[in-house]
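Some structures are shown below for you to check.
Paired with subunit B in one complex and with subunit C in the other, subunit A is shared by the two complexes that follow.
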Partner chain A sequence: MTVNVAEVSNVESATGGSARSGRRRAGSGRRSWIKSSVFHIFSLAVLVVILYPALWMVMSSFKPSNQIIGSVNLIPGHGTFDNYVKAFQGIGGVSFWTFLLNSLGLAVLSVVGVTLSCSITAYAFSRIRFPGRGVFFACMITTMLLPFHVVIIPQYIMFNQLGMINTWWPLLLGKFLAADAFFVFLMIQFIRGLPRELDEAARIDGAGHARIFWSVILPLMKPALVTSAIFAFIWSWNDFFGPLLYLKTPDSYTMPLALRLYVDQTSTSDYGAQTAMAILALLPVVLFFLAFQRHLVEGVATQGLKG
Partner chain B sequence: MMTVQVAPGAQNVAPRRRATRRRRDTRAGYIFLSPWLIGFFVLTAGPMVASLVLSFTNYDLFSTPSLVGFANYTRLWTDSNYLQAVKVTVLYVVIGAPLKLIVALAVAVLLNSARGGSGFYRSGFYLPSLIGGSVSIAIIWKAMFIDNGVVASIGSFFGGPPAESGGWVGNPSMTLPMLILLTVWQFGAPMVIFLAGLKQVPTELLEAASVDGAGRVRRFIRVTLPMISPVLFFNLLLELIHAFQVFNSAFIISNGTGGPVRSTLFYTLYLYQRGFQSFQMGYASAMAWVLLIVVGLVTFMLFRTSKAWVHYAGDEK
Partner chain C sequence: MIRKMLAAVVAAGTVGVLALSGCSGGGGDVNAQAQQFTKDTKAQISFSWWGNNDRADQFGKAIALFNKEYPNVKVTRSFAAFADYWTARSTEAAGHALPDLMMMDAGYLSEYAGKNLLQDLTPLRSSVMPLDGVDDSSLGAGKVDGKLESVPLGTNTWSMMYNKDLLDKLGIKYPTDNMSWTDLGNFVREVDKAGASANPSQFGSSDYTDGLPGFIYWLMQQGKDVFTKEGKPAFTQQQVIDYVDSVKDMRTGGSFFPIKRDVALDPLNGFLAGQAALWFNFSTTLLQAMTDSKTEHIGIVPAPSPDGVDKHVLAQHPSLLLSVSANSKQKAAAAALLNFLVTSPDVAAVFGTSLGVPATEEGRAAAAKANATPADAAILKYASDMAPETTASYPLLPAGYGTVEAKWGELHQQLEYGQLSSKQFAQQFFDEMSLSLGN
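Here is the complex of A and B:
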């Protein structure tokens, strides 16, 4: 149901609504000040509750191991870096830096794959007219809603037969083949917003699609590329299921897998080292958040990308 | 004379040029689309068909698959672990997703009421969405909800059970609430989407309704809610589909077992156990297809009912 604006404004003038709103304006200075402080106090309170687990995690990493559990207090009694020293020693005979490099390598290659393959795909869907485009577009949209469980078992069998278990292939192939439809969709939306006259001008100058894509569209879609790159990095970095399936030996583990190994192998009382390791595994994500929060939030707002 | 001779030629050139361009476009289109096409057939469509076929077989990855007909599907209804997984997952979806959306909408309305300075809070509230699905947070969550942990201490302070036994992690009736809290904690992403929707609600409409005597609540229900219903629909669809597929948190918190007493045996966790721990690939494929059909039905029903409650600007009557 919708409200008929014209009708309502007639009613307003008839009942002297304008006088009421005039009165409201007179007292608005003080009232809005009170209103805004109430807003800030309330929002801050919610923010503290929401971020408490994150704060607790950070502060706990500087507490001695036996003082972490059950301590509601955020400030460590006597701070220590022991937990980090222990975390940096690695686990299972594998250095911390190996895990870090594995995660970093996969994330960087994911970013390269996603930005390349998804931008090419998005260009085809939004700027080239060819038979079958509509059908494939519908297929692409459908893959966004598909639970990935219907494909992982045959994929695993396939990669197993190709001898690719314990390599990066199963984790990266999809990134280079534009399998992340969310990014393709994001880029299509962006390209659709670019004026078509640019393409036409380049075409009249004799440019083919490869030229138009590379020197006209690609440079203009930088914001969409940046947003995709940030999310591709974070998703790859946080990915647990893929590495759990395909990476089998500790020297190929990524940070989340190493973290799980840590929880399994250290005695349950050693919460300090676990917490420090958990922080180190999240650090790049948080740094990305601090550096690109506007991009991230805008990406979610306009495209509904999940965090 | 000259013009008469040229004219027919020119008329022929244009369609021919258009045909060449169309041919070139088709070729370019398929060249540009080829990475996605290969990915689609090799990584999505092919495996989908393969898992459907596999679901009618028994296959352990090493011996040749043997056809068993519908045996895997009929076995599902007698497998108490499977039924438990369905129960846990449905509870999680039905309680978790709406709760998360209600919190997201409430906070979005709060932030939208501010004149300025809400960007800071928006980013702060969004942070859990970014990190909440990670192994790190699952570990921290577990540490907070364990016996003698922070939550147990706070609980006993407010008259709950003693902290030594007040942990949620080991208590089968509390693990699901704990995991639902973890997903509600990540309300930031839908909140940001709601905020974008709320910004689109025309203020004249709200003012008009208020002049008309509509109170705050009535205004929200009669004006704001219909105006943001497309966003609500989008969020609901996304959250439901994601909730069906929850895995990481349950896996970490129960150490892959789905315990205590199968209370965190989520659908995908059980599928993982069957497929990749006991290598019953056929049975796991049948589970995957049932999940696909259920998610498909939920999506279909959402789209069907959306005609009744989702209002798009422009089709008012």
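Here is the complex of A and C:
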């Protein structure tokens, strides 16, 4: 979905840009006018194709449950809010708000964990020369190459032995221990782009590593921190597999888990409640994305220039 | 030098972590636990099932009923959709951390029993789990190598469902309970002819050789074995070819609901969308048929027999089973809950037939009385009508059956699209079985 939003905004800016250039060239003849209209019509067609499934989902959430599957119509015959009423009722005695709070709690703590631990780790890797730095750096990069599926079972066994099943620990511990190599790497690249003279100036003033990190590097890292925070939030919010394995009681379930409970191929499925729940699950992350979109693009762009 | 030492330390650390992950099997002594277990024993057990939100509500009620009788047993619930349920269980199995009581599927039973992940429940029958009123033939479906590894929570039987509304509109008589395969073919063509002018055009049926359970019934009706004791196929490639080719003319001649439309309707199909008259499935899916096709006018009869075979061979198939895990530390309490769910008429009244036809006489009576869903009466009637004809028990499905059944469906789609010949179909199906079955 987020990909869709991004693509849509690209398409929009592309059409906007060409509209301006179209006007500029308008005087130069009829031909360029035709060219630009063709381009517009083509862009709009692409936009419709990309947006249609999302729009269909939004509209379907207002259709009665048995009119959803097998129909590509956008307009609900008999519009209804029943699906949302049903979704808000919760599942198996657990309220909708419990699922939402669980998801939010995990996502917020993930953001805190990732920004804290990864920035400190990144500082150490990029600014401190310590024995074994190369080996550890290589190890960290290697964890990025390991497919998730390879580590699931050993990880599960470990957390099981530690008695951490059905708590938030397995989902958060890694985040607080800078186990997300992607974010560490992103921040290292960013810090490497910051001039060393700033550190040295602080050092001359008597600052140690803690002080340099806190007062010099961290404030300058803001774009990288925002990017990491946004990604950490969205990934945690959309994570299905982790909660499926580690959260065992319904009152600890997150939104993606609850989302799947309306559709059961072995008996009856409530597609209406499922789409309504999907919209509700999507809303926070879309709002989050829209609010921080500028920072996200900025953060990635700065890294591209300096890294 | 330092670098090398560090590398060694890192390597040693990794090995240490791996060693940590070694097995810790376990669980308590079953007999001792069963002896000590009373109605007031304190215990905490976990119970997992798959299913939708309705089922979650129903199990909530059932567990509340259980707690009236066993007030000190705290039951932690956990549920997920079918596919996710098995992903979670297989990870837990690796860590010997399966829930105390878990829902089991006939297609997974051999696999889990074969890996010693399930508790043999036989010794508990004399104490906490008497299973009063459950007949031995239905218990047979939960046995692996003579051990009672699971207990059916409900049963269902293979059937043919038909959409009465559609047939009424086309002015065609309902199918009967003593049709042959030739009759079936004629019936389908008759509906096709009458439904051709409808918009969208209506058909008699999708290709009914599209599922492995249909083939299993076809073999059983002819008195043939399906799987060997070792979990290998007891049929030949030629039999598979004969089966799918028995409707070859209809498939190539366009007599079946077009596969393109069927795929476009996924997760529904022609029948569930009200565009085809017949559907072949286990009897408990009647409720799904009524919900999805938006009519309660769905009839149910036994599926037709091969020409020249004058019997139905309606073996009961366990729709769902319950198992106690071998790693459970509270086996007696878990077995007590199992016993309660399987035998209590009150539980049957809560679920109706949504878990299958209840295993006990009292359960069936209670379900009939409660009438929890519009499909209950029809499903229970079908079960009791067919009871005199119920014969051999359903074959024990070998480990890996689930994969093989899915493969049949996948290959059959290619067959319907004309991408595979029936010979290639049979060959590829056998290739899949040699990979997946019995391991």
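Following the convention adopted for this analysis, the second predicted complex is superposed on the first by the 249 of 307 C-alpha atoms of A that agree within 3 Å, B and C clash if a C-alpha of one lies under 4 Å from a C-alpha of the other, contacts with A are read in each partner's own complex, and residues count from 1 in each chain.
The rule is simple: contacts are C-beta pairs under 8 Å (C-beta built on N, C-alpha and C of every residue); 3 or more make two chains touch, one makes a residue touch a chain.
None of the values given here were measured: they were computed from a predicted structure.
Once the two complexes are overlaid on the shared chain, A:131 sits against subunit B and subunit C alike.
By the touch criterion stated above, A:273 is placed in contact with subunit C alone, subunit B being left untouched. By the touch criterion stated above, A:59 is placed in contact with neither subunit B nor subunit C.
Of the two partner chains placed by superposition, only subunit C is touched by A:91; subunit B is not. In the superposition on chain A, A:160 makes contact with both subunit B and subunit C.
Residue contacts after overlaying the shared chain place A:220 against neither subunit B nor subunit C.
In the superposition on chain A, contact is made by A:121 with subunit B only, not with subunit C. The larger set of touched subunit A residues comes from B, when the choice is between subunit B and subunit C. Contacts of A:248 after superposition: subunit C is touched, whereas subunit B is not reached.
When both complexes are overlaid on chain A, the residue A:140 reaches subunit B alone and has no touch with subunit C. In the superposition on chain A, the residues of subunit A contacted by subunit B and by subunit C overlap at 69-70, 131, 139, 152-154, 156-158, 160, 241, 244-245, 260, 263-264. Residues of subunit A that touch subunit B in their complex: 1-3, 5, 8-9, 11-12, 15, 17, 21, 32, 36, 39-40, 42-43, 46-47, 50-51, 53-54, 56-57, 60, 68-72, 117, 120-121, 123-125, 128-131, 133, 136, 139-140, 143, 145-158, 160, 173-174, 176-179, 184, 208-210, 213, 234, 238, 240-241, 244-245, 256, 259-260, 263-264, 271, 274-275, 278-279, 281-282, 285-286, 289, 293, 296-297, 300-302, 304-307. Against subunit C, the residues of subunit A that register as touching in their complex are 66, 69-70, 91-93, 131-132, 134-135, 139, 152-154, 156-158, 160-161, 165, 241, 244-245, 248-250, 257, 260-270, 273. The part of subunit C that touches subunit A in the complex is made up of residues 2-3, 6-7, 10, 17-18, 20-21, 24, 46, 48, 50-57, 59-60, 76-82, 84, 87-88, 91-92, 94-95, 97, 99, 264-265, 267-268, 273, 284, 287-288, 291-292, 294, 354. For subunit B in complex with subunit A, the residues that touch the partner chain are 22, 24-26, 28-30, 32-33, 35-40, 42-48, 50-51, 54, 61, 107, 110-111, 113-115, 117-118, 121-137, 139-141, 143-144, 146, 148-150, 152-154, 163, 185-186, 188-189, 192-193, 195-196, 204-205, 208-209, 211-212, 222-223, 226, 234-235, 237-238, 241-242, 244-245, 247-248, 251-252, 255, 268, 271, 275-276, 281, 284-285, 287-289, 291-292, 295, 299, 311, 316.
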